[in-house]
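My structure is below; once you've seen it, I'll send some questions.
Chains here go by letter, A, B, C and D, matching the order in which they are written, and residues are numbered from 1 within each.
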């Protein structure tokens, strides 16, 4: 198995698996939403989905296109204003797991979603910007980053630091007063990277079935280190695939 | 007419009269509540009554015993949390007129509702404290103070400054960053005092019918100055008395 | 997730000697029954936080359980003084009571900072008054954009917050409506949360103006119908104004108060 | 008190060249019709404020009416880029667009400060990121109690805020429900307020989760059924997700966009 639909599915399923022990989860649109809703169907029916639009405890039957879709509000335990969401619930430390994606990610799991250089003579390519990401990364108990593996995405140097992961290394989060543990895993379509506790540098800890370590290295923009033992992701179970399909076709 | 029921009635009616042009009024319990509800019945049916308990636009049919009485909530245009009330509505400058009372008031309309000295060997007498008063005085467009006239209430020196009126004189409110005009009238059972624009010192501008200037001076703890022309309060009209009685017996 | 449990056990488990405790409710939904259970269990040396320490705190203070009061207005609303509070402050009876005294706006902001897990909050206030000379929890900061000096108040984060609400469901999700005071902030600022409710319902039916607290921010829910009396619960009871008036007589005299305590609370 | 008036007159009276304008709505209740009226009237040199400048601001920017954008996330939710926004930022077409860029938490706090009439607000955020180097509206303050360094963000106080709501009554009292976003704060932070509504009702019937804005904080109410399309109004319409997807195609090309502008807005 290489980059492609198989890897993408394992990225989604792995992200859902990572939510097995979470009580509350801050959800963005796209893959995070798929993973969180899949986790609710598979193994964590009590998982509380929180959307930055002010939704606490959404129980959507199908995947929303936007974080403000009507069904999220209609199925919520309660709705709060956006300022309250960010102050009392996110900054208040009420969310166990946050999901983020990235246009660029560096080896310390810092994130750029603001702009990317496009070479001499061209203006930087504009991206959407920060949204909720900087404070999700700061305040959630832990953060899972999901993105497709490519040397353009996992880069040596960010063109802009939108969201702090582990800064320049251990101690930076504490120095900046951040209370959550920060990014604990980067789940891609090739495997999983986790920060080395000693250096806070992302190392390869897991490859998806059929993916070689060399393949992951080639798809990474910095000289990727690997854990002493690189595990192979358990292949999707029948149930996982069925529920994922059901979710996507609902 | 002297201190007593007649004066008390004129204090209430005068306070209600002072609300003729107001759109929104921050109401405490007791006389302010009587005055504000009387104004609604008499000449300002659109007056929006705001209570610090979170009530905006209450339309009580009878006088509430507390600012949290059920009828205030049930008849409100909307209810907000107490933090929102103080931040968005009061500090936000949304209230035209605030009412305050005082255990002690000085010549610059500063207020003490915290504690009063009771002489040597005795601990100070404890009063309820600030409540909403300091910020009502700071942020309302203007403040009306209502209290019974006595040398123990209108004093040379406050035992504690709970709420700033005009500080030590002109310019103090601006120096402290206060945006409202502060106390514009002190309505008592004997007459009305207003701050001299030049000195911000309270001067007697109005006596109730049958009350002499001398009587007011004797009931004031500082050497009270009088305006060039001291007016006599218009006696209560039949309608005013009827509505006041109706309100009190409802 | 909130556990549904008996009031006695919940109070014993969640509130301990020396704790900082907030029992909130702005006239409405005051958790009197929980307060009385604290008195029965003799949980003492408490730092009590409350914007409006009315009759419930007068009772706790008179029972000698409070060492400190953090508050902004200490009266019997619409009636007069809190005599037990006064006796403690003026005469140290039955024990001295330390005060940390604020304005309502200051206290509301302190709770907001607590709920937001910020160390302090900002407001326009306090300037020119005597409050900042009596407390270490008021200070000033200058706006980095305009230079303006503003008041800063330290966050409050109670060890325990106790509130009364109309309803909870079986998973401990709580709904309260009517005047909501500062209850949401007091709950979210606290380490531990006890909610007494009028009734347990199968499903919370959304109501206009309701505040919903998910069960996962609450530690225990105890079903105590009438648990706010003499305060009230909109939709369930009316405020017992006569009780508040009568409290003036009961609390005015130490002996009458002690008699009341024995007859009506500690039994 | 809010006046009930036609959209064209209300926009002409309340929004002027050079104004700072906030049109808020977090996915839900976005005031598209009012935005299109601004385009029709050619009101220009606007500083546009909005947490999520989605398609409505893409249209205003593409029409050349914005000189500056104050925002925190500029994408087409669930679809991709805002191409007119990108073209303005990357290529200055049809005119350069100055940016004041924040995080959502920062923007939410800026509105809260604005509504509270404070010059700034505090949050834990921004530290270690590149944002503070690109804007003058982020700074730091130290807590006077703990010494901790916190982020400070300058208040936003729009000249005009425009929102869409479900209902207003004849006195201009407004009720909206469902996702309420930052609308209350945006309204209370502004000098002038325009609300478009789905319908005028005799009396507002209280609804769960509703935000009520008294008529005396609103300048004008315009009845514009469907005024949020392609966004939606809970209880009245559904989000037109196809429109958002189609916008990707329309906006990608300058000529196609200009054609759309003529056909669908300026007519």
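Throughout what follows, a residue touches a chain if its C-beta (ideal position, glycine included) is under 8 Å from a C-beta of that chain, and two chains touch if they have at least 3 such contacts.
Keep in mind the model is a prediction, meaning the values are calculated, not measured.
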(request) Work out which chains are contact partners of both chain A and chain C. (result) D
(message) Going by the touch criterion at the top, tell me which pair is linked by more C-beta contacts: A-D or B-D.
(response) A-D
(request) Using mean C-alpha positions as chain centres, tell me how far chain B is from chain D in Å, no decimals. (result) 40
(request) Could you please state the distance in Å, as a whole number, between where the Cα atoms of chain A are centred and where those of chain B are centred? (result) 57
(message) Nearest whole angstrom, what separates the Cα centre of chain A from the Cα centre of chain D?
(response) 28
(request) Scan chain A for residues touching two or more other chains and write them down. (result) 78, 87, 91, 179
(message) Where in chain D do residues touch two or more of the other chains?
(response) 112, 117-118, 123-124, 148, 150, 184-185, 209
(request) Can you identify all of the chain pairs that touch? (result) A-C, A-D, B-C, B-D, C-D
(message) Per the contact definition, I'd like the list of chain C residues that touch chain B in the complex.
(response) 26-28, 51-52, 71-75, 77-79, 81-82, 85-86, 89-91, 101-105, 108-109, 111-112, 123-131, 148-150, 178-182, 184-185, 209, 211, 232, 234, 238-239, 241, 244
(message) Give the list of chain C residues in touch with chain A in this complex.
(response) 112, 115-118, 173, 184-185, 188, 212-214, 216-217
(message) Quick check: in the complex, which residue numbers of chain B touch chain D?
(response) 23-24, 46, 48, 56-57, 77-78, 87-88, 91-94, 179
(request) Would you mind writing out the residues of chain A in touch with chain D in their complex? (result) 29-30, 52-55, 64-70, 72-74, 78-79, 81-83, 85-87, 90-91, 114, 123-135, 138-139, 160-164, 167, 172, 176-179
(message) Using the touch definition from the top, list the residues of chain C that touch chain D in their complex.
(response) 117-124, 137, 139-146, 148, 150, 152, 154, 206-210
